[in-house]
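Next come two complexes built around subunit A: one with subunit B, the other with subunit C.
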Partner chain A sequence: MTNLQPAHHAAGVNNKKWAIGFSTVVGVIFLLNVFVLPNSNTQVQRFFNAWFSLNSLAEIMIWILMALGLNIIVGYAGLLDLGYVAFWALGGYVAGWLMSPFLSQFQVNFFGNARVGFDQGIHFHVFLVLILGGVFTAIWGVIIGGPTLRLKSDYLALVTLGFGEIIPQFMLNGSNIFGLNVTNGAQGIGGLDQPNIFGYVMGTFALPQKFLMVSLMAGAMIFFSIRLRDGRLGRAWLAIREDELAASMMGVPLWRTKFSSYAIGAVGGGIGGVGFAILVGGVYADRFNFVISIIILAMVVLGGMGNVWGVVVGATLLAWVNSVGLVQVGQLINNTFDTKFNFPSYQFLLFGLLLVLMMLFRREGFLPEARMRMVMNEEKLEDLEKVTDDTKIGSH
Partner chain B sequence: MTTVASGIARKRKFNTSEILLKISMYMVIAVVVYWLGFNLVNDPRAFIQVSINGINNGLLYALIALGYTLVYGIIELINFAHGDLFMLCSVFSFAILTELFGAKAPSTKNFALLLIVLLLTMTFGAIVNVTIERVAYRRLRNAPRLAPLITAVGMSFVLQWMGLKWVGSVPVNVNTVLPATRYQFGGIEIAFKTLVIFAVTIPILILFAFVVDKTRRGRAMRATAQDKDASRLMGINVNQTISFTFAIAGAAAGAAGIMWAQTIGTVSYNLGFQLGLIAFTSAVLGGVGNLYGAVLGGLLVGLIQAFNDGLAVGLGQRWSQTMVFTILILLMVYRPGGLLGQSSQEKV
Partner chain C sequence: MIKPIKIGALAIAGALALAACSGGSDSAGSDVLVVGTDLPLQGASADASKSTNEVIALVLEQAGGKAGDYTVEVKEYDDSTAAKGAWDDAACAKNAQDHVANANEVAIMGTYNSGCAKIILPVANEAGLLMVSHANTYPGLTITWDAGEPALYYPSGARSYARVIAHDGFQGTAAAQYMYNELGKRTLALLDDTQAYGIGLADAVEAEFTKLGGTVLRSGWDIKAGSINTSTFEKVKGQGADIVYYAGIFDNNGVQLVKDKTAVLGDNTVFPSMAPDGFSGYPVLREMPEAEGLWMTFAGKSLDGIKKGGGQAAAFIDAYVTKYGYEPNSSYAVYGGVAMQVIMKAIAASDGTRKGVLDAVFAGEQICLTAEESVSGMGFCLSTETGDVDTVTMTLQQMTGGVETDIRTIDIS
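This part shows the complex of A and B:
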């Protein structure tokens, strides 16, 4: 098989192109916030703070990371995961455990940057925490996926939904597990270490630097998403997504391939969780709810399942709408037309309708790949031999 | 697809992982039996008391689970919106009975109103569910599996939003028309509300079982579930049959909704998510697609939840939800087909 590499001659060129484009955008935002905005007049500052605050932009990068992770599961392998927030929570708590004075039974410092006077607890270097966060969530992906991936795909949706509820609930109730305070309950774990990257310490107000860091993480995720997709494993995922039976006939090991997609997809959530925890300086259990899972899913669906760029655009758009767009546009409309709509309360309707309408009218998303478009509109093709259901009602 | 795939899989002898799975299953069962037995010996009276509360909730779960199982049986869709339909029905009953008719205290007139609103709520549930099917799911019947599932999730959000706009974001207390009377039977208390739940849900469950099992419509439903194309050739109106199934499911959710509002005494917009998951667990526990399985599963989940919340030796209410999901996940590992269903494991 080694000599049967696919002809992706263009891939290298494309990689360079997107890398340049992505770094340009990130660089412009960084420079704008470091050099231009502090010296501009208050009106410009106010506009940027309201519509494109650096905080929201950094959060967008986290959302991109998350959406790309979910895209590996939903978009590449075609498995529906409705509890992706569990990985976010797990990643966040890894950061909480390994980078803060919280676990005061221990006193470990491994290249960490503990604040002065907070030596107790575990303090690892931020890179190590990122890696461990990824590994930890991958293990959980294996635990969740292991028993369920053998079942029908709908059951996976349900079990992931269950885990998406259990894990945040565990975090919320985890202040007393057999007498141990594991997660500090609803208060969460605050006061994370300030990351020390090659001697540069990111303080509380180093938002542009933090933005740069999460952008790098998102960029890396884009890179890996593209490379994985073109690789042997990625092609196996796409084959399974399109036709399991045909794929298994061609020698694709179904279970192992699905399994790997689930574990690798989980890593994105874990790393994103660590990044988010560093960004806000702590991890709080009540943030992790079902709505987050659905928003990430909507991002993947909106942009186009399986297409990295579609997902990036979808994530950017929806994350912006969710954090500032809905409030700001709402205010603008209310001020202009003198109305009193409470726009943020339409969040549920927005995301719900988005999912329904996309599935009804543009299943492949707004920026689909040609391949996905064909998969999602299969019913329109000539397909006379529909395989029928074999479930029965009642015990007959 | 299942049958073709399973044909390829070679039959293997028992391997270690299967044996380990079996052993761990027996261990889980042993732990549960020990836990229940200990509590029974410890305080038999409390055990029976808690069981009655469990059956009380379990009957409501069964009504909701019925909707999941019917819909899954006929179009193989996990209708994620069903829990929220139940929520919307409970809100509807609150708006009509408590707000519009002003029935806030026990009286003969209000009991009559309760019965009328029960019918109204069931109709409401049926109409909403049929509308959802007509607008969203029908177009996606031949689409890839992912599409209707995502649509159902979206629909659930839309319904939640409706509930949010209707009652607001905080749970609302309902002044029930049912008196808080409690009867003593040899040291065991049974609330009047529990009796009402028995009196309302059991006939409804029997009625639905009768419809599916004995009537012409029911036969059409079962035929459609088995093979849509063949049913169409036999002169069954498949679309109408599926609509009818959704109507029954919606009516069951409606009955559960009004009963919940009247007995538990609160309605809130995010009730559906929780209850939907519990009900789906019940449906899976009984064997999804199996009508009696849903009822059995609902009762079992209600009992387990009540044991966990109410018994002296238990994890307590904090872990109630986790307990239900743990059941779901254990089921997926050990018996994905449920207690009364066939194995639905896809050989991969």
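This part shows the complex of A and C:
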């Protein structure tokens, strides 16, 4: 008991550390955009807008949320999910249904912020929509996970791949489900309500405030990810990831534990989907394709499966490259060397190359989880031992 | 625990120092005005967008880089990402904020995709920034269509969006008039692809065909790739249909649909069929023997039509070929030039502010382009109420010998 006390205390200190660090970074970005940049000269504004625009930074926070959600499924529980984009879509559509005039057959306003002249539809408060978005996707995680989680890894991956294709297709073609327009098909749902937080309406140009909101969401996800990992459930996930049979022998209920990872992981997608819809002002089915699932997976793998900070780094890096990084770096190279390469068109080539290099030289990711690093090194050691044994056998 | 705080404090101090060293931001009302083009520069539409930007550059060059007393510059925005290979909602949302943040920007030329326009338009509208599109055909952007449209896109309550191309509603009307008046058909089998574009188009066809006195047999077609639709055609055959209209896009199981129609109703010499521009530009369709004789409509003039029309428009295409060494990618690129001409007229008639440019289109005299000055060879005026063109030209085409051949243009006023 006395031994546990310092460890618990240390965890508390660590939580405080990252919380202060994260808040500082978010706070600096917020203050910079609210007080400093508007009073800076055009060149400074242009630089920040081109390389680190607030829109891109807010989008990065959404990607972090998504990646952390998937990290629970893939990084913690070791279940390969190739259709995570479906949860993003579901979360987005929850926002579309509950924060816009789209479902015009209803006229419900529950602390919502309906635009003037658009009382029809459902208008819930943004906090409620965030909760419902998380709950809705968790339910879908349960529905999909329930019958499929008994499958082994490859087969489960195929099922999730199917799920990731079906949901977006449903959204794309859902303008006439038995005569009902459920998703507005390819046209999507626009005109989302502007969030009203404690009386402050986040208008069209309240980007710093929206950034703050999605940052808080990402921060909450980081907190829960860390707490979950360190808890009983998290240890059970890690045990399953390392050795399912051994975990089962030690009394870990396999199905129930996997099931919970799928449901809880889905919540990240749902909440992120709501946040993204608020940022964009609508939800459009075009976004939800297989490539997005793969990018989120790559964020987890490149960053360091299982390690929250690794995943945050992976998500930040890839989201920035996709949003503005590659275009800006490309322009810089073209201007410096007077070349005319269209760098964005080589994105997947560069991306593939990076993946190959990572798998060859650092397959545990940028910031690997200590346990994952040990496992990787263990494998390397085993390989080395085998080679040594073979050499010994050969020399005899 | 101290470290992050130290880093944060240093960052804040650095940022404040940066601000202290710098001056204020640029003010509006400068003599150099910016027009932002907002197009998908990556993915499948990249070539069309590149061509559109080139046409716009040439329009500006031929005007000496000036609109009235103002020097005009073009800033290119990309609303696509490599990951999607198409327009991206997040990129559109970012561009919307960037357009507004650029103090010298007085108008947006774009977008190419209606979905992207739905995201940018409300933001630009709130900032009083004019937007003129060369390619958005979704009707709800300017007229009543889905619930809440178009008011949803104009939060300021005032209009700020115009387009130089006809919306899908016009295309449906033109098609219905042609089938009833010129082909003499009275019972139309109207099939839609159950998607927004197809349903909207079918609504317009149905309304006009019924108004003319014809009978409409309407149903949806199965868009799942390879799905058989023969039972639909058997049914309309039994009901006495004498023409088929495919309201939708060819990507939605169009190959099988056209084959099934021919199998049940016969080829187009026996039983004619008609399709919108959602069936245009597909090499697979051109190569299908079943497509021979298919009637098609295209909003605006085709590139061939522009060249054959002669005059200023044909001369502009020649100038483009001389400058770049190849023809514009599509007629949409040329319409990008028309949109730029509209914006330049508005700038010339303005006081150089965003409000002035916007008022020139929606509050002052109508902005008109004559056929002689328009780079598409089509004259029109923009409605100050909706921002739509008042004269719509549709091109009637027929598939002959595997080529979409222009038959003639149809003007709808």
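One rule holds for everything that comes next: the second predicted complex is superposed on the first by the 361 of 396 C-alpha atoms of A that agree within 3 Å, B and C clash if a C-alpha of one lies under 4 Å from a C-alpha of the other, contacts with A are read in each partner's own complex, and residues count from 1 in each chain.
To be clear about the criterion, contacts are C-beta pairs under 8 Å (C-beta built on N, C-alpha and C of every residue); 3 or more make two chains touch, one makes a residue touch a chain.
Everything numeric in this text was worked out from a predicted model, so none of it was measured.
Applying the stated contact rule after C-alpha superposition, one finds that A:173 touches each of subunit B and subunit C. Of the two partner chains placed around the shared chain by superposition, subunit C is the only one that A:53 touches, whereas subunit B remains out of contact. In the superposition on chain A, contact is made by A:28 with subunit C only, not with subunit B. By the document's definition of touching, of the two partners only subunit C reaches A:185; subunit B does not. In the superposition on chain A, contact is made by A:163 with subunit B only, not with subunit C.
In the superposition on chain A, contact of A:244 is made with subunit B only, not with subunit C.
Of the two partner chains, subunit B is the only one touched by A:155; subunit C is not.
By the document's definition of touching, both partners, subunit B and subunit C, reach A:348.
Under the contact criterion defined above, the residues of subunit A that touch both subunit B in one complex and subunit C in the other are 173, 345, 348. Those residues of subunit C whose C-beta lies close enough to touch subunit A in the complex are 1, 3-5, 7-8, 11-12, 15-16, 18-19, 22-26, 41-42, 46, 78, 81-84, 86-94, 97-98, 100-101, 114-115, 118-119, 122-123, 126-127, 138, 140, 146-148, 151-153, 155, 194-197, 199, 220, 223. Against subunit A, the residues of subunit B that register as touching in their complex are 1-5, 8, 69-70, 72-78, 136, 139-140, 142-151, 153-161, 164-165, 212-213, 221-222, 225-230, 273, 277, 280-281, 284, 288-292, 318-319, 321-322, 325-326, 328-329, 332-333, 336, 340, 344-346, 348.
Within the complex formed with subunit B, the residues of subunit A that make contact are 74, 78, 80, 82, 147-155, 157-159, 161-163, 165-166, 169-170, 173, 244-245, 248, 254-255, 258, 290, 294, 297, 301, 305, 345-346, 348-349, 351-356, 358-360, 363, 375-376, 378-379, 383, 386-396.
Subunit A meets subunit C in the complex at residues 13, 16-17, 20-21, 24-25, 27-28, 31-32, 35-45, 49, 53-56, 59, 101-102, 104, 115, 117-118, 120-121, 173, 175-176, 184-188, 190-191, 203-205, 207, 276, 279-282, 284, 286-287, 289, 291-292, 295, 322-323, 326-327, 344-345, 347-348.
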